[in-house]
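Look at the two complexes coming up: chain A is in both, with chain B in one and chain C in the other.
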Partner chain A sequence: MILKLIGCILIVGSSTIMGYTIANKYAKRPEELRALQAALQMLESEIIFSVNPLPDAFERISKYVPKNIHKLFAHSAYLLKQRTGITAQEAWSISVHQTREEMHLEKEDREILISFGNSLGCSDREQQLKNIHLACSKLALEEKKAEKLREKNEKLYKNLGVLGGILVALIFI
Partner chain B sequence: MGIELIFKIAAIGILVSVLNQLLIRSGREEQAMLTTLAGLIVVLLMIVKEISNLFDTVKTMFRL
Partner chain C sequence: MIIANEKVIKNNFTKNVGRSTRDIIQNDILLCLASNIRNIIKKMPYHILQPVEEIRLRVNKPLMLYDNKMGWFVTQEGQFSEDEFCGYMVTQNDINQTLELMSDSSIYAIQEELKNGFITIPGGHRVGITGKVISSNHKISFIKDISGMNIRISKQIIGAADSVMKHIIRGSNGVNNTLIISPPQCGKTTMLRDIARQLSYGIKKPYFQGLKVGIVDERSEIAGCYKGIPQNDVGPRTDVLDACPKACGMVMMIRSMSPSVIITDEIGMEEDIMALKQVLNAGVKIVTSVHGYNRQDVMKRPILGQLLADNIFEKVIVLSKSRGTGTVEEVFNGQSGEAI
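And now, the complex of A and B:
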């Protein structure tokens, strides 16, 4: 009897955790997209007003952005500061790939970021500005979509995890 | 055959109906349908033994 009870608690607990993990993924993505837009705005002002080179700009931005996207900027600043002859585009795409596990972005979001990086640091100021605006508007579009998905799925997965666990436990008893 | 079976089926029924509502609210009618069907099949599998028992009883009763 006790063994059954322990098993049921384990099943319900693990499926609840599973549901919350999936819901968390949907909740984090719009947040990160928003943070990325803010960071790009910051990069714009770094380029226009402070006229900092990219490694310094990235480093400064990484100090002010929230923790979830901090590593993206910190890592590309680190790569650029190594002075191994790596271009800004390479450093950016490497850090986008490296932070794939820690961020909750989808493939489309990463593609936007990488295509933003492709023209990073290889044109004049106006072009950079245009590029940043383009990336920002694309990210805003994705954010809207992500927000819709979140509304649809977050609560569902939270409840589904708990209820599914109870159902499985009941069938097993 | 005991009272537990009835309680179990009732609990599964309640849970499946709640799940059904949840899925319909979030605009997933197909999955809701699927869940209901799965619940039905599970409960049928549970009581299939009892049904065959009933048939046997009826058979022996009328000496068929």
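And now, the complex of A and C:
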């Protein structure tokens, strides 16, 4: 009996965790998209008002952004500061790929970031500004979609995890 | 009191002092070059690179290195060649990549400098740029489609002005208004830089007290500023206005920094002369240079000729290349015209 009870608790526990992890992904994505937009806005002021070069701009931004997107900027800054002949575009896309696991972005979000990186740093201020605005508006669109998905799925997966676990446990008993 | 030329002084803040060409190429120049060109230059032994003064990149033309006399084409294997067909062909991509690396991947940050046709990279090296100029209202608004680059390796030569200092200083704290006449590439900027350094540190023998020196560095060549900080040693009592137009820079300097001497490069415009007179009226001494081959050549030019006729300069130094870069051809008294 005790064994059965422990087994049931384990099943319910693990399925709950599973449910919460999936729900978490839906909850985190809009958060990160919002943080990214804020960060791009910071980049805009770094470029337009302070006219800081990208390695410095990225480093400064990385200090002020939330933890989950910190590495994206910190790693780009690190790569550029090494001065190994890497361009801003390369450094950015490497960082986007490297932070794939830690961030909760979907493929289309990453594509926006990478296409944003393609004209990063290699044109005058006006073009940079346009590029940032474009990326921001695309990210805002994704954020809306992500928000809708979150509303739909966050609760669903949380409940599904708990209830599914109980169901399985009941079947086994 | 700090005296120039003393071994004790090791100023770590100025990067260019006592550096070998190897060090300069490795730490300043290579970092800014596109990977293809970087790899070629890496293959070249350093004793060959020692006298190199310029690296030239032109789209679809061979890579070239120049010393103070002539230039060579450089092959894919990093060897010199006199035959242009053997040289490594520079591509548009190489130039774009180089520009991106020079600007720290931030072209927007150097767009103002690009308008002047040159940028300064860490180490104070100047890179001249040609391409398609976009202008609006008779002003250059941008250079796009960059097709040519001239990387000038700047080496500070400590003591370049030793032979002329005795003409420039007067007593232990006086300076003569001095004009340096020199054709391009004869070491006039190198000389001005060393004059600034020696006036600022002071000289031990004959004893000369260090003075406040103001450098108006329109082309970022004298002090070689990167992000506003001089990369060359121009002395402890020196203030630098980097990339500032000479005429307004000189006036700004006397208003705000109370220098004893103002040093500036390549005067020639009418407004420069006006500013120069203003400086002299304020009791500030001036050391400057003009492009020219000799006294007669400068006399013939309307604006500069007037300047010599006005007896503003107490000493005039003429440079040439006849016995190597920086040969002092003649020194004469600007007021009486007598040779010294």
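Assorted remarks:
As a convention for this text, the second predicted complex is superposed on the first by the 173 of 173 C-alpha atoms of A that agree within 3 Å, B and C clash if a C-alpha of one lies under 4 Å from a C-alpha of the other, contacts with A are read in each partner's own complex, and residues count from 1 in each chain.
To be clear about the criterion, a residue touches a chain if its C-beta (ideal position, glycine included) is under 8 Å from a C-beta of that chain, and two chains touch if they have at least 3 such contacts.
Just so it is clear, the model here is predicted, and its values are computed rather than measured.
Aligning the two structures on chain A places chain B and chain C side by side, free of any clash. Once the two complexes are laid over each other on the shared chain, residue contacts for A:Asn159 go to chain B alone; chain C is not touched. In the superposition on chain A, contact is made by A:Ile47 with chain C only, not with chain B. Once chain A of one complex is fitted onto chain A of the other, the partner contacts of A:Ile2 are absent, as it touches neither chain B nor chain C.
Of the two partner chains, chain C is the only one that A:Ala88 touches; chain B does not reach it.
Angle at chain A between chain B and chain C, computed from CA centres in the superposed arrangement: 170 degrees, to the nearest 10. Counting the residues of chain A that each partner touches, chain B and chain C differ, and the larger count belongs to C. Smallest inter-chain Cα distance, chain B versus chain C, after superposition on the shared chain: 48 Å. For chain C in complex with chain A, the touching residues are 31, 33-35, 38, 96-97, 100-101, 103-109, 111, 142.
Residues 8, 11-12, 15-16, 18-19, 22-23, 26-28, 42 of chain B are the ones that touch chain A when the two sit in their complex. Note for the complex: chain A touches chain B at residues 152-153, 155-156, 159-160, 163-164, 166-167, 170-171, 173. The touching residues of chain A, counted against chain C in their complex, run 47, 51-57, 80, 83, 85, 87-89, 91, 120-125, 127-128.
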